[in-house]
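Two complexes, one shared chain (chain A), two partners (chain B, chain C).
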Partner chain A sequence: MINVKEPGLMTTVQDNGRNGYYSFGMPPSGAMDKYSFIVANLLVGNDENAAVLEATYLGPTLEFDCETTIAVTGGEIPPKLNGEPFGLWKPVHVEKGDVLSFNFVKSGTRVYIAVAGGIDVPIKMGSRSTYTLCGIGGFEGRALQKGDLLKTGEASNPPASTEITLSEELIPKYGNRHEIRVIMGLCSYRLTEESKKKFFDIEWTVTPDANRVGYRFKGEPLEFVEREQPFGAGSDPSNVTDLGYPIGSIQIPAGIEPIALLNDAVTGGGYATIATIISIDLFKMGQIKSNDKVKFIEVSLDEAIEARKELNGKLDKVKETIKTVSIGG
Partner chain B sequence: MKYELHPLGDSAVIVHLGDKISEETNVLVRNISLLLEEQPLPGMIEFVPAFTSVTVFYNPLKVLQNGKRNGKRKPDSPYELICGEIESAIHKIGPENKSEARNVEIPVCYGGELGPDIELVAQHNNLTTDEVIEIHTEAEYLVYMIGFAPGFPYLGGMSEKIAAPRKESPRLKIPAGSVGIAGSQTGIYPIETPGGWQLIGQTPLKLFDLDQDPPTLLRAGDKIRFHPISTTEFEKLKGGQE
Partner chain C sequence: MSAETKTQTRYEYGGDEFVFVELSESMTLEAMFKGMAITNKLAEQNREGIIDICPGNASYMIRVDPEVLHPDELISVLKEIEASLTDYEETTIHSRLVDVPILFEDPWTYEALMKFRVNHQDPDSTDLEYSARINDFESKEELIQNINDFPFLVSMVGFVPGLPFSFQLTSQEKQIEVPKYVRPRTFTPERAFGFGGAFAVIYPVQGAGGYQLYGTAAAPILDVEQKLEDFKESMVYFRQSDILRYRSISMDEYERIRKEVEEGAFRYRTREMSFTPKDVMKNPEEFASKVMRRLYDDQR
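For the complex of A and B:
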């Protein structure tokens, strides 16, 4: 059992997400930064998809009522055990009564706290992920509150050795300026040529509206090609006939501020989607915060697939490191 | 069948059947959906039918593995491979309506506390509230798509005679089951959310229920009709569900 002494700003139970319910209007939710999420699980010997805690900006304070192994990955929100700082990206043994807490965020936005056996909450529609807007999944469908008691499951494998050190290249660094790769479409033709160019030239600023639902960006207004709107579409030139929005799609209502839809977003609507963030860079989005600068870079589908393979290669290296150290130790 | 395929990022493709909402286009959307449901494409995660499109979500690496096995065209591009699969699937579909529409009756308690804006809708159209109810209940509505929020049905078929603008400032909390009008659309709020629609009544039915599988009462392609019920019936029906 884990006793939530302080919940932090926004701490939720998340796993890989909820697939198969998009057409019912249910977004996938799930960990925003999947790389950090998977590595956290691997380090404590969990299945890659086990439920973890995702904490934003301000970490929680948690007391463990039994001996276990934990790992903290993701943004640099420095963790402490009984007040003593310890490193992210490695397994840590905790004793009964130990208290995990965090210092203020140094870089990045979200940390992932994996506990051997995973956080045990009921599976709702195939997932343990919390979708707070609907009150579904996770711990009672909401962010953690003071006094909550979390159960943990049975670990499927022994945790990685606490001696483990992941090589530098396997640990992401998070700055304040980011390049986010996108694939153009579906409706990029709705922007004027000049605005399309501007979209990629500008360094956008992330506004305070930046959460699991989506990120809003400030920059310069963009213009849409005027046209006679088709029957059924809204009257603004940024409107189209309502359609399904993929996660990562970018829309620019009325040409004012682009919005990138993320894991907890609405599943469809009537705004032209100009471009879609490639899946691998969605993980990066999870570590971007308000006031950070973002430049969008157009890439091809082939480049997106290469990026995906590259990330899978990194995860393979993490698995290898864990295996080697475990056998050697 | 005329359609275009476009990538939506690296793991989704949209089958676009045009821009204009029509029942004919919707039949095509439903035929494609039916086929994808019965014969899921290899590597497909799920699909989302909309007014004039179907979006297919896929796992590019799985599609790639499968394509390599089958020796398909441009075997190194998951997008090309999934497009090939979609094209051959659509090739099998004709324009006739393959799926049988389900008819769903939605009881609604109109006006009063449950439909506080019905007077406004009536005044806006120079009608009495009874006329608003009559017009709203005599039409048959088609569920074009479910989306935006969990279980939210996009309905087509409302009479322009009861059209009304959205509220200038949205309400912060609209109870689940509220039936509203915005522009020339009518809709039902499946869950408690903020919203700017004019509320004319409420149904005791649960449009979204986590304990049901599927969790939504309505599906794309359903035909629905509203019928008026009294406050007593409303309470009885609502109580019976708990």
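For the complex of A and C:
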């Protein structure tokens, strides 16, 4: 059992996500930064899709009522055990009564806290992920609150050695300026050629309106091609006949501020979508915060698929390191 | 007011995991039925690598694992299916007719819309007054009557879980068309009945929204706890191809239904009906009256 002494700003139970219900209007939810999420699980010997805690900006304070192994990955929100700092990206043994807490965020936005056996909450539509808007999944369908008691499951494998050190290349660094790769398309024909170019030239600023639903950006207004609106679309030039929104798609209501839709977003609506963030860079979005700068980079579909393979290669290296160290130790 | 848009299918990538296909820029029954036929055929193929098949109003979207099924390969499959669709107008659709009680001009959406007048095209009218005026109705009552008279076909489910986008079965001249709010609201009450573009919707949960607000549905359309009988199989009630009759009710009936919902006894009035797209497209109003007779067991 884990006792939530302080919940942090926004701490939720997340796993790989609730996939397969998009046509019901159900977004996948799930861990935003999947790389950090998977590595956290691997370090404690869990199945790579086991449920973890995702904490944003301000970490929680958690008390463990039994001996176990935990790992913290993701943004640099320095963890402490009974007040003693310890490193991210490695497994840590905790004793009964130990208290995990966090210092203020140094870089990145979200940390992942994996516990051997995973966080055990009921599976709802194939997933333990929290979707707070409808109160589905996770711990009672909501972010953690003070006094919540979390159960953990059975670990599938022994945890990695606490001696393990992942090589530099396997630990992401998060700055304040980011390049996010997108594939142009969907309804990009609605933007003027000049605005399409501008979309890639501008260094966008992330507004305070940035959460699991989506991120809103500030920059310069963009313009849509003038036309007589088709029947059913609505009168604003940024309106289209309501359609499905891919996860990671970017829309610009009224041409004012682009919005990138993320894990808990709406699945459809009536604004022209112009590009989609590639799946691997959605993980990066999870570590971007308000006031950070973002430049969008256009890539091809094949480059996006290549990026997936690269990331899988990195995960293979993590698995290999864990295996080597446990055999060696 | 609206342009006649040529139907030219566009295949687009939505990142590396989605393929988006637009059958028509404007909302047409033809595009909706075509998308439905294509997505049904694709589902029948049970192809590996497909995660979601999402039919939409005049478009559809497929989510894949691109390392199992390359989006380009999927696009060629979809093009083949589209080319093979010679008889989709004759294909039988098994549909469900549902009576959906709505309290128009209710206190809750009224309070919400009054709070967001500055976000609206016309801050001096209510959403109903504004919509009636721009659609050349004599009064808001006449607009409500029009919604009440002809049922709506669910053309897409989405935005949030269970929200039905529904399209009225009447001639295009009689169809209501309204803009969305100039700036979306940050608050919409649960079960609000709204209208945007050519679509009527019910918001399943409280949240943001940009549609004009006309009323509140008495019964839930999403039941996360799955307590009501109608939600035992799925927490989401409406599906694409359901036909909904939004029936204007009194506050008395509204309160009676709310009580039934709270006691766990409420069930939607439904009837089964089979039809072909041709039946609908040939004469939507004639089809609509057939729907009304079937739903209310009127044999005339």
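The rule is simple: the second predicted complex is superposed on the first by the 329 of 329 C-alpha atoms of A that agree within 3 Å, B and C clash if a C-alpha of one lies under 4 Å from a C-alpha of the other, contacts with A are read in each partner's own complex, and residues count from 1 in each chain.
We take it that a residue touches a chain if its C-beta (ideal position, glycine included) is under 8 Å from a C-beta of that chain, and two chains touch if they have at least 3 such contacts.
Only a predicted model underlies this, so the values are computations on that prediction, with no experimental measurement involved.
Partners chain B and chain C, once the complexes are superposed on chain A, run into each other and clash. Of the two partner chains placed by the overlay, neither chain B nor chain C lies in contact with A:169. Of the two partner chains, neither chain B nor chain C is touched by A:84. By the touch criterion defined above, A:26 lies against chain B and chain C together after alignment on the C-alpha atoms of chain A. In the superposed model, A:239 lies in contact with chain C only, and not with chain B. Of the two partner chains placed by superposition, A:154 touches none, neither chain B nor chain C.
Once the two complexes are laid over each other on the shared chain, residue contacts for A:305 go to chain B and to chain C alike. Residues 19-26, 125, 133-134, 136, 182-183, 185-186, 230-233, 240-244, 246, 248-249, 266-269, 273, 276-279, 301, 304-305, 308-309 of chain A lie at the contact with chain B in one complex and at the contact with chain C in the other. Across the complex, chain A is touched by residues 2-3, 5, 12-18, 20, 22, 24-28, 51-61, 63, 66-67, 70-72, 156-163, 165, 167, 172, 177-180, 182-184, 196-199, 204-205, 207, 210, 222, 224, 234-236 of chain C. Interface residues of chain B, counted against chain A in their complex, comprise 6-12, 14, 16, 19-21, 45-53, 55, 57, 60-61, 64, 76-79, 145-152, 154, 190-191, 193, 208, 210, 214-216, 220. Chain contact summary for the complex, chain A toward chain C: residues 19-26, 125, 133-136, 141, 182-183, 185-187, 227-236, 239-244, 246-249, 253-254, 266-270, 273, 276-279, 301, 304-305, 308-309. On the side of chain A, the complex with chain B involves touching residues 19-26, 124-125, 133-134, 136, 182-183, 185-186, 230-233, 240-244, 246, 248-249, 266-269, 273, 276-279, 301-302, 304-305, 308-309, 312.
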